[in-house]
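What follows is a set of structures for review.
What follows is a pair of complexes built around chain A, which joins chain B in one and chain C in the other.
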Partner chain A sequence: MAIHEKHLIRPENIRTHDNLVIDGVDVSGHWSTFIETRVVTDYNEALEEEIAALPGGEYIHRCWQCGSCTNACTVNAVNPDFNPRYWIYLIRMGMESELLRDKDIIWQCVSCNKCTYACPRDVVPEGVMKATAHWLEMKGHTEPSNSTIFDEEFTRQVVKTGKIEDGRILMNFLKNSKQPLVQDWLVQMVMQMVKHLPFKYLFGLGWATLFAPKTKRWAKTRDAIEEHIAEEKAAERAALGLDPKT
Partner chain B sequence: MPDRKDKYKEVAYYHGCALEGTAQPYNTSTRAIAKELELKLVDIKNWNCCGAMEVKNVDPEIQTYLSSRVMSLAHNEMKQDVVMAPCNGCYHNLKKAEYDIANKEESRAVVEKISAKADHPKYEAGQVETIHALDWIKFGYGEEELKAKIKGGLKGLKVANYYGCMYTRPRHIFPEKDQGGESESTSKPHYMDDLLEIAGAVNVEFPMKTACCGGAHTLSDSDMSTKLVLNILQAAEAAGAEVIATECPTCHSGLEMHQIRALKRLSKQTNVKVIYFTQLLGMAMGLSPRKVGLHENVSDSMKFMKQKGIT
Partner chain C sequence: MSNKPILVVGGGPAGLAAAHSLAAVGQKTVLVEKEDRLGGAPILSGYAKLVPSGEWAKDAIGSMVTRVEKHKLITVKTGVSVSECKGKAGDFKVKFSEGKGASFSSVVMCTGFTHFDSINKPEWGFGTYEDVVTTTQVEQMISSGQGVRRPSNGDKPKRVAILLCVGSRDRQIGREWCSKICCTVSANLAMEIREELPDCHVYIYYMDIRTFGLLETKYYWKSQEEYKVKYIKARIAEVTSDGDKIIVKGEDTLVKRPITIPFDLVVHAIGMDPNIDNMLLSSIFDVDLETHGFIDRKDAYGELGATSRPGIYVAGSATGPETIDDSIAQGTAAAMSALVSSNSKIAAE
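Right, the complex of A and B next:
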């Protein structure tokens, strides 16, 4: 029979034939549209465990697929392909290749925590999104996302000095993510800031950009934090079957 | 809790990184209000970043530790019982650290290990109470008393109160909210509405009080953030608001930045002004726009406030 809801099926799986007879029955044309037979064989049985081994993914096993997360999701409202419930389902089923179809948008979770607020099973879907985005990067399925590049620059500054300086973060982020330093909106913003000439303010920002703010007596803290992060990252890589050292 | 007036009279003030950078006007106006209301803010000496969303994404337990160090300083070095954080990010993270240290063995272990190596007393759950600037004014000064302090007021200025994500979500890190009575609501927060109403504003019915501005990705996924911010700005205008009152530096800079970006990239113009609630409150008390740092906002509302006869 004809399939009217074709948008629910991927185009490459829809088959119509101009001239086909099977078992003496003519199945040609639109009224005999087929869906390609598909048998899933490429399960990654370890997928759920791997996601659960990364920070934020710990409670994925609790999900019972009610869909409250996707219903509440900020990003889903902008892009319907952003579907936390579905990704949690795929991970729990081990359907890695299916998950990889969405690999380039999973990092876009904005951490608004509406999902975690709505979830009746305390899955912490926001954490699962972060864990999944990290998993994709660690496994080499995606390049580090802009979000990761930003997080790492921010964390690098905090660990090094105890504080951040937002001008420096902005500049280093644009540089690390290979974006031009001069953006039309940024120029406009700076112009609006200078308009009332708060000389002290601009001077202060310039000063902070040259001399990063620092927490005093931070060296021991810095070393302890660096040591902890290195241990955690090695453990995470080991859990994913990757060489712990790189 | 009638004892809060005493308890919040003097607090450890944790302004954090943003209020020294892009959100200086929030810092300026908070300090100006403290002076005006004779509430004592004691700066936390040698503070560090709370860890924010970014460190949490790299290593959640390190974010817990960083926040715990701030609370440890307040308790052990300053002998303070209350930490007041105007930044939603700092407030959220200290609350989250408090919850994790009280409830997760693993968090306690990491905090203990790093505190020992860093040579300072570890923070233990319950040693300080973390509050937002909203709690501080509403309960530390008192609403009745605030009425008496309003000079000139906001003259019926139409305001959409925007609370953002981190002030109410996830619910479990705010055990004091949703308790009925005077407690704050996580689905329909009202503390900012309450204070600005006293200040003479007309609060519009704003459906996006706790919507997300995309602040976590304001730079890393700017197109997404611009769309999310535009939704908020347009909803505020549709609700009849002239001003969006903010209580979070990330939201505030996000709204200001993407208001410009929406015009540049999507040709969508919105005219609603973005002003920190502390700036509005300060001006309602008769403080000059410069005293509350209004001239430092990117969203230019100096002329607008003058036209409204508020300054």
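Right, the complex of A and C next:
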């Protein structure tokens, strides 16, 4: 049977067999076209619990679907498909496959927190967006975003030395995110700095980039922070059912 | 005080409050109750913890019953109903089902409501599947100490669905009113279930949530925020079974998708019907019914509890879906009106 309003159906939900014989009747091609069901057949309670286990997602269960977040959203104004209210619902009801359809836009949250101030139930939707993007990365549904790569490098330096060094962060970020080290905007910025910054600051910057000084007596603090981060990460991974016990 | 007694009809929360109020100011009162004991729906139907006090019905309403039974000025007649009410304000000639008659200066009708019978909504599976029950049955499971279990096999349910507006807001079955208390009662039961069975997920299917006034935070918010009860905006179309699980079908309106979800236990949040005897009561007491079939209130701002017949007053869920707290308040208010009507001296001033 031909489907007339095909544009109303998601392409992946239309199934056609090129060669199909049922009870001796050849229904190959469009004669065997059928539409995959949209029926929700079960709730996956684990999904909400997983998101709630990540920082920012703690209050997702408070949501009563009023839509204030989506209405307040900066990104939604530009991209109507960016709908925090909808994603919160999908997560709460465990509709994982639906959520994954939007995996490539969820990270677009700009953390303006307008939703946070609009939300009558203190769900902190911005936090939920952060947790969801985090969840997508941890589960391997999305590549680490540039902001994650930046955060990782930033954190690595702070933990290692107790300091951050701008030049190194920038270089390693560009390298880790597979971007060329020579960027037009970067060249511009460096040239302006060379032109306008007093020599002693320039010297200091260059020296720090080369030698990466550490905070004095840092090792103990570093160990404590590393231990804490490792614990937090392990807890998160356990909550998501990653690293099953072997 | 009038030397003729005042008649209170019905021994539920409103009637108990009316009788007690009258006796407390020295008025002789007769309380008739057609069932064999006092307490009304909370006692007769075995409610568990009441909203919003959280007290057990048998303690809270039980103490009202004791207070009335012990009072010297109150004559309690159980297992008795009114069969005739002639005369006029100040001198009602009342006959009882037991055959005796008496004269009363005024009457307070606290004749209550009847729980909606879910059998009238056959598409939702009550009466067909054992594991489809009503909120009243769940109240009984809790108040009896048995705990919430699947009637079919006694198992602890892992997943419970509560369907709101069963017998309310439904033109198909001639019940257009909101029963007012079922949202709050359901949120309360959902929390009770989560408390008893922490591994059991509870879903509430709603059209609107009407946990009015201060009940909002104590029930709706609390059930979501502390007990993680999930609310799904869908009016269920059909309840079936696969032989074990109860299958709930409907549309999840927020994602515009059909749902077919298995549950262990489905609970109907049944509404409040007019007392099944209201036609009869209306003719015995000669009082008008309002359009839904509850007893009509004549005056909202002047004489509280007035009906269409002078000297006869009404209070509680006889007038429409009502909370226990408000029924008690109305019983007390109607008692005051009856008292004023009975005492010509007070009325004249």
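FYI, the second predicted complex is superposed on the first by the 198 of 246 C-alpha atoms of A that agree within 3 Å, B and C clash if a C-alpha of one lies under 4 Å from a C-alpha of the other, contacts with A are read in each partner's own complex, and residues count from 1 in each chain.
In this section, contacts are C-beta pairs under 8 Å (C-beta built on N, C-alpha and C of every residue); 3 or more make two chains touch, one makes a residue touch a chain.
From a predicted model like this one, the values you see are computed outputs, not experimental measurements.
**Student:** Please tell me, clash or fit, for chain B and chain C sharing chain A in the overlay.
**Tutor:** fit
**Student:** Between chain B (first) and chain C (second), which does A:Trp64 come into contact with in this model arrangement: first, second, both, or neither?
**Tutor:** After superposition on chain A, A:Trp64 lies in contact with chain C alone.
**Student:** In the three-chain superposition, say which chain, chain B or chain C, touches more residues of chain A.
**Tutor:** Higher number of touched chain A residues: B.
**Student:** Report for A:Thr74: first if it touches chain B alone, second if chain C alone, otherwise both or neither.
**Tutor:** First partner only, chain B.
**Student:** Quick check on the superposed pair: does A:Glu50 touch chain B, chain C, both, or neither? Answer first, second, both or neither.
**Tutor:** Neither partner.
**Student:** Thinking of the overlay built on chain A, is A:Glu96 touched by chain B (first), by chain C (second), by both, or by neither?
**Tutor:** A:Glu96 sits against neither chain B nor chain C.
**Student:** Aligned on chain A, what is the least Cα gap between chain B and chain C? Give it in whole Å.
**Tutor:** Superposed on chain A, the two chains' closest C-alpha atoms are separated by 17 Å.
**Student:** Which residues of chain B touch chain A once you look at their complex with the stated criterion?
**Tutor:** 17-18, 20-22, 24, 46-49, 51-55, 57-62, 65-66, 69, 110, 113-114, 117-119, 165-166, 168-171, 186, 211-212, 214-217, 219-221, 224-225, 227-228, 256-257, 260-261, 264-265, 295-296, 298-300, 302
**Student:** Name, in rising order, each residue of chain C that touches chain A in their complex.
**Tutor:** For chain C paired with chain A, touching residues are 201, 203, 209, 221, 224-225, 228, 230-233, 252, 254-255, 257-262.
**Student:** Residues of chain A touching chain C in their complex?
**Tutor:** 38-43, 45, 61-62, 64-65, 86, 89-90, 92-93, 95, 98, 121
**Student:** For chain A, which residues are in contact with chain B within the complex?
**Tutor:** Against chain B, the touching part of chain A is residues 55-56, 74-75, 78, 108, 110-114, 116-117, 124, 130, 145-152, 154-155, 158-159, 162-167, 170, 173-174, 177, 184-185, 188-189, 192-193, 195-196, 198, 201, 204-205, 208, 213, 215-218, 220-221, 223-225, 227-229, 232.
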